[in-house]
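In the two complexes that follow, chain A is the common piece, with chain B as its partner first and chain C second.
Take a look at the complex of A and B:
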């Protein structure tokens, strides 16, 4: 064991050390550089400034349309730039005083920060601190100082992870993977939790405050300020809620958000004709409860995950516009709310959540990470159960809104943790479990596999467009005030083609190639004769695609961690003045904008990418080991898919650390 | 059907959230803006909907150009810089019987005085100490010592900026053409306008301050406590107040405040004084077009019915990429119908309209309107930077061109500069964006009306 740890440390040291050494030795000596910055809506030229540590940077500025600022918080400098004025005003953004503003025509800066942390900081992002339009919040550029330890070190670490992963496989035995222990039965461990879960008004009570927040979001979006950073609707939706989902709720709680989600709540109350009570069916039928509405079954042809995937992709394509314009955010959310109500009166149960909801597309896909699971306590009891109250409902609980029968719940994808089955089960056989060990969920359909790919692609596209140093990328997604519909149309077409066609095809071919690599001669012949798009390949493809989930979620986390750290003061601000109408509920409405540890953001992003890749490689190998039963075959089989994942991770690492 | 207690409670809770929260917020906002809930809802719902184009109703017709103004450059020459003159005021500052011009130069960060002495000769000099980004200057004998002091609105940075860098500066006239700066309040949202008035009827002069800010603005009145000490009372927290004027607009014997709030609100408020400086907010106009571009407001008895009407322009276009005119830009007035009721009338379109003055230009007994533009299509040499609307006496207006050069005219002041009984104009250039081919700093437009002799006879 000690030997292996030693080897791992050695591998890391060598892999990280060599690129760092190369980076250090190839960095030039300090020199003086003159840089003219042109500031405009929405960006700067140049957008990326590269320098060596110790370089004397002499900046001059101009603004081409309205006033802008060049805020480089790491260097404690903010330059206010006015059009038609060669002089600029310079101040320290971390000081509230405005007495020390300097009027100058040139700004001198020494590349590289002081102190031990400062020496590690190579990438500092500059932003604009003067609202200049809907896309203002996304303006950014980079000052990149060599030697760039993070860039070289993280790429070295990426190589080390691959080598160590390979070594771990070599060191592992050929035995079957360890049995996964059953989840901890929280209902038994915590009797109070058991009581709460069986308390009838539970869902109503926990949904109520979220519904109140939702109402505020809608009001703020429609009636509040159009400045996104000052609007509670925009801040809560895109900076708080999505970040919470991505970084806390889904990774820890799976689909726990669905328990409190306000979108289907009102529709469900109308459909049930009740808020907290249960209505028992008057006569025996499909369900043990009485419902209002037509109660049609959702059309079979439209079932599955495709529709909600397309909804998610659609919203994802427009997300920059929605985040930049409060009315768009409110319109999108309100539309979903209304669709959910209408659907609940036409189709049965939570058809909206199962087939349409774009949020569920995200939550459901990444729910396997969640430690919270709903499972049956004793499968034998369920086997003998004839009532199927969890599925059908009874006088104590409503029929499962997701059409699930608890003994059949083996994965987190489908269960929305509404807790009705805890109430309806006459045998007290439903538990809220705390998952132990690795997650084992598999995709049941191509739709889910595509979902994993599309969300992986969007997880990369968000940072590349919305948080991009390149103005052209930002302009591409900006249809709010530049109204570049043609450009946006091209962007949307390319995005959809890549997400739904090109990348899935790549993974499909990688799977097939892996099958060929890992198979013996006889099998190879069978695979070859079955054709590229055969069901055999499709089956392995579906099994492999869960490997994309850790990396995909890490990409999303990189986007939202940056969003939260940049906007935290705006979040606090908008809670105090939700509509931008001059309220000050918490006394924080006038607080200045300060980013939280901006120099740490690339480090956190790099860590997230490497962590995501590690778990993706691990998951992929497990899948293939289960498929082939042999280490070597698993390695060979997964190698093509792993290569794509490694390349994607490497690309994003380079982007986060060197652009 | 039996309804359980829990159902009733839950339904009440749901109603509270779905109806109560919006109702509470809307009622509060309606109360804050002096509207009824119905008025507030009607207005805000209109704002959500399609852009209102009712303002495009043109009342004026285009008439022939009458050459009646003689252009004279006064003060310092343009020089190398592209001038940023943010405000001009006409006043006899030295009380020598000749009208002078006071101006805010945001490039020099100075308030300057163009002194007329002797008649027809203008000499420019600096007043007081430096004021960073001066936006507005109002002459007023605030200390009641018999000379004219200057109230200066300090934005600090003229172009968009939300930092709390604004200040109110009073330049005390200490005689011998010398002024001493008193900073009355600083580190507040950028200040666009300061106006004097005795709001609490205690005999001294208080101030009303319009703070544009950017995302965070305010309107406050400042109670004069004597010895250059003022106590602030916040009237409103909306972003974008441009002007706050003082007038007994409801004719109840005390001074009210009339404010134009631009940015995304595009509204005109009257803060109605009860005589003890307790103000009630009244929204008297709000555009449903959030890009309306409110730019300037002035008070004038336009219809000569004995009360002051509100004349205002919309032509601000800094929000656009590139800055430029919009079809709804123009001039309008709110007819005072009494009891704080006003009726909207469009006078005419004018691209980039920035400020309008209601004066009897042709001395025919009715009020005409002169308007300047800061955001016309300057690439087109025919684009007008100054026009006037001739009143036919029946409140019908004929639009007449004045000039297309210089461009970028942000401010306009009118008075009889040469004492000939005819109103003259002073304009100033604010050249914040190209083209820079027709620059100006301060221009005096002397009225040489061709019919004047006839009228005088």
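Take a look at the complex of A and C:
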């Protein structure tokens, strides 16, 4: 064991050490550079400034259209540039007072920060701190100082991870079936939790405050300030809610958000004709409860995960414009709210959540990570059960809004944790479990496989467009502000083709290639004759795609961790002055905007990508090991898919650390 | 059970319907009502599109379609006033020199206030003095203070509104291109649509903005033909630093010096000196255009202004 740890450390030291040495030895000597920065809506030329540590940088500035600023928080400098003057105002952004402003035409800067941490910082992001339009928040560029330890080191670490993964496979024994322990029965462990889960008004009570918050978001979006960063609606939706979902709620709680989601709440109350109580059906029918509305079954052809995936992709394509303009955020959320109400009166149960809700496309896909699971306690009891109260509902609890029968819940994807079955089960056989060991969810349909791919792609597209230093990328997604519909159309077409066509095809071919690599002669012949798009390949493809989940979620997290760290102070003052109407509820409305540890963002992002990749490789190997039963075959089979994942991760790593 | 159900239903209705009402009530009575009694609270919203400080409420429901007009603020003598400034888009600066208000920096998303007392009847012009976009120079209006019991005075109409529909002519013809730039960049708002100048600039040493239709004279080009020769040189993009032979224009060195001075004025702008050193800063300032106009653009504007000169027919 000690030998293995020693070897691992050796591998890491060599893999990280060599690139760092190369980076160190190829960095040139300090010199003086003159840089003219042109600031415009929304970006700068040059957008990436490259320098060597110790370079003397002499900046001059100009701005077109309106006033902009060049804020480089790492270097404690903010330069205000007006189109109407050749002089600029320089101040320290960390000082809240507007004293000590210097009027000048040239700004001197020495590349590289002081201190031990400063020596590690290469990428410093500059932004605009004078609101100049809807995409203002995304006007950014980089000052990158060589030697770039993070860039070279993290790529080295990536190689080390791959080597160690191989070694671990070698060291593992061939036939050692790993037993996954059953989840901990939280209802038994915590009697109070059991009581809470069976408490009728539970869902209502936890949803109500969220519903109120939702109403505030809508009001703020429509009637509040147009400035995203100062608007409660935009901040709560994009910087708090989405970040919470991505980084905390889904990874820990799976679909726990669905318990408190306000979107379908009002529709559900109308459909049930009740908020907290249960209505028993007058005569026995399909359900044990009485519902209002037409209660049609959702058309079979439209069921599955495809529709909500397309909705998600649609909203994802437009999200930059939505985040930049409060009214579009409000419009989108309000439309979903209305659609949910209408649907609940026409179709049965939570058809909206099951087939339409774009948010569910995200939450459901990544829900296997969730440690909290709803399962049946004793399968035998369920086997003997005739009433199936969980599915049909009774006088104690409503019929499952997701059309699930508890014994059939083996995966987190479908159950929205509404806790009705805890109440309705006459045998007290439903438990809230805490998962131990790894997750084992499999994809049941191609829809889910595609979902995993599309979300992986979007997880890369967000950082690449919205957090991009390149103006061109931001202009493409900024359709509502600039009305560049043609450009946007091209972008949307390319994105949709890549996400729905090109990347899935790549993964499909990689799976098939892997099958051929790992199979013996006989099997190879079988695979060859079955054709490229055969169900045989499709089956393995569906089994492999869960390997995309860790990397996908880590990409999403890279985006939202940056968003939160940049906007944290904005969140605080948007709570104090939710609509930008001059309120000051917490006394924080006037505080200055300061980013939280901006120099740490690339480090966190690189860590996230590497962690995601590690777990993706692990997952993929497990899947293939289960499929082939042999270490070597599993390695060969997973290799092509793994190569794609490694390349994607490497690409994002380079992007986060060196662009 | 019945009681719980009713309570729950009421709380849903409260959060969906009553919450907005509570917000409105809080705003009206606690935020706007926080100012001392007897003060007039006026909210002015700055809109860069079209260039206006408006009294209308500007929000996500109307910003994109409504035309906002500069507000005339009518007050009575002795009014105590709180102005609440809100920017709906970019950074603006409110300035009313004669009433000694501002310059107030108005950042979007954040309300700032200014208090003053309307002591003397009169009409006072206010401005935006931070370059906020194409319509910046039109962003002006009036504060009208009327003596008690009198009908409000009609302020002088601010002649021009920001039009942004000028058709873009080909760049080749310097005169039409210069004219286009002169209109589009709102030079006309201060210097007049025919370069006649004359707009009042409070506490400016020259009182009024000087005319530019006499630019030819200022450049010492005393004959029409001399202007033609000079314009021809501009069109040919002659390098004045490196002339092979001097053109047939008298006092050409002087002409060149004046021409360079005029161009520097466009390029770097000019700070308008105060008439009374203790008085307010003149609100209208020549801004620097170097970031917005190319060398060719500036020459086109000079060409256009030279062409505005009205030559007297001397056929005797």
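Everything below uses one rule, namely that the second predicted complex is superposed on the first by the 656 of 659 C-alpha atoms of A that agree within 3 Å, B and C clash if a C-alpha of one lies under 4 Å from a C-alpha of the other, contacts with A are read in each partner's own complex, and residues count from 1 in each chain.
Heads up, the rule we're going with is that a residue touches a chain if its C-beta (ideal position, glycine included) is under 8 Å from a C-beta of that chain, and two chains touch if they have at least 3 such contacts.
Everything numeric here is computed off the predicted structure, so don't read it as measured data.
Undergrad: After superposition on the shared chain, which partner residues are touched by A:279: those of chain B (first), chain C (second), both, or neither?
TA: Neither chain B nor chain C is touched by A:279.
Undergrad: After the superposition on A, what does A:592 contact: first (chain B), second (chain C), both or neither?
TA: After superposing on A, A:592 lies in contact with chain B but is clear of chain C.
Undergrad: One more residue to check, A:231. First (chain B), second (chain C), both or neither?
TA: second
Undergrad: Quick one: classify A:82 as touching chain B (first), chain C (second), both or neither.
TA: Touch status of A:82: both partners.
Undergrad: Looking at A:528, would you say it contacts chain B, chain C, both, or neither? Reply first, second, both or neither.
TA: neither
Undergrad: If you lay the two complexes on top of each other, which residues of chain A touch chain B in one and chain C in the other?
TA: 63, 65-67, 82-85, 130-133, 200-201, 204, 208, 211-212, 215-216, 219, 222-223, 225-227, 229-230, 266, 269, 274-277, 327, 579-583, 589-590
Undergrad: Enumerate the contact residues on chain B facing chain A in the complex.
TA: Those residues of chain B that touch chain A are 4, 6-7, 10-11, 13-14, 17-18, 21-22, 25, 29, 32, 44, 48, 82, 84, 107, 132, 156-165, 187, 214-218, 236-239, 264, 290, 318-319, 321-323, 431-434, 436.
Undergrad: Show which residues of chain A lie in contact with chain C when the two form their complex.
TA: 38, 62-67, 82-86, 130-133, 200-201, 204, 208, 211-212, 215-216, 219, 221-227, 229-231, 266, 269, 274-277, 325-327, 330, 577, 579-583, 589-590
Undergrad: Which residues, counting only chain A, touch chain B once they are in their complex?
TA: Where chain A meets chain B, its residues are 41, 63, 65-67, 69, 80, 82-85, 89, 98, 101, 129-133, 200-201, 204, 208, 211-212, 215-216, 219, 222-223, 225-227, 229-230, 266, 269, 274-277, 327, 481-482, 579-584, 589-590, 592.
Undergrad: Give the list of chain C residues in touch with chain A in this complex.
TA: Going through chain C, the ones touching chain A are 1, 4-5, 8-9, 11-12, 15-16, 19-20, 23, 26-27, 31, 48, 59-61, 63, 84, 86-91, 107-111, 113, 130-133, 268-269, 285, 287-288, 290-292.
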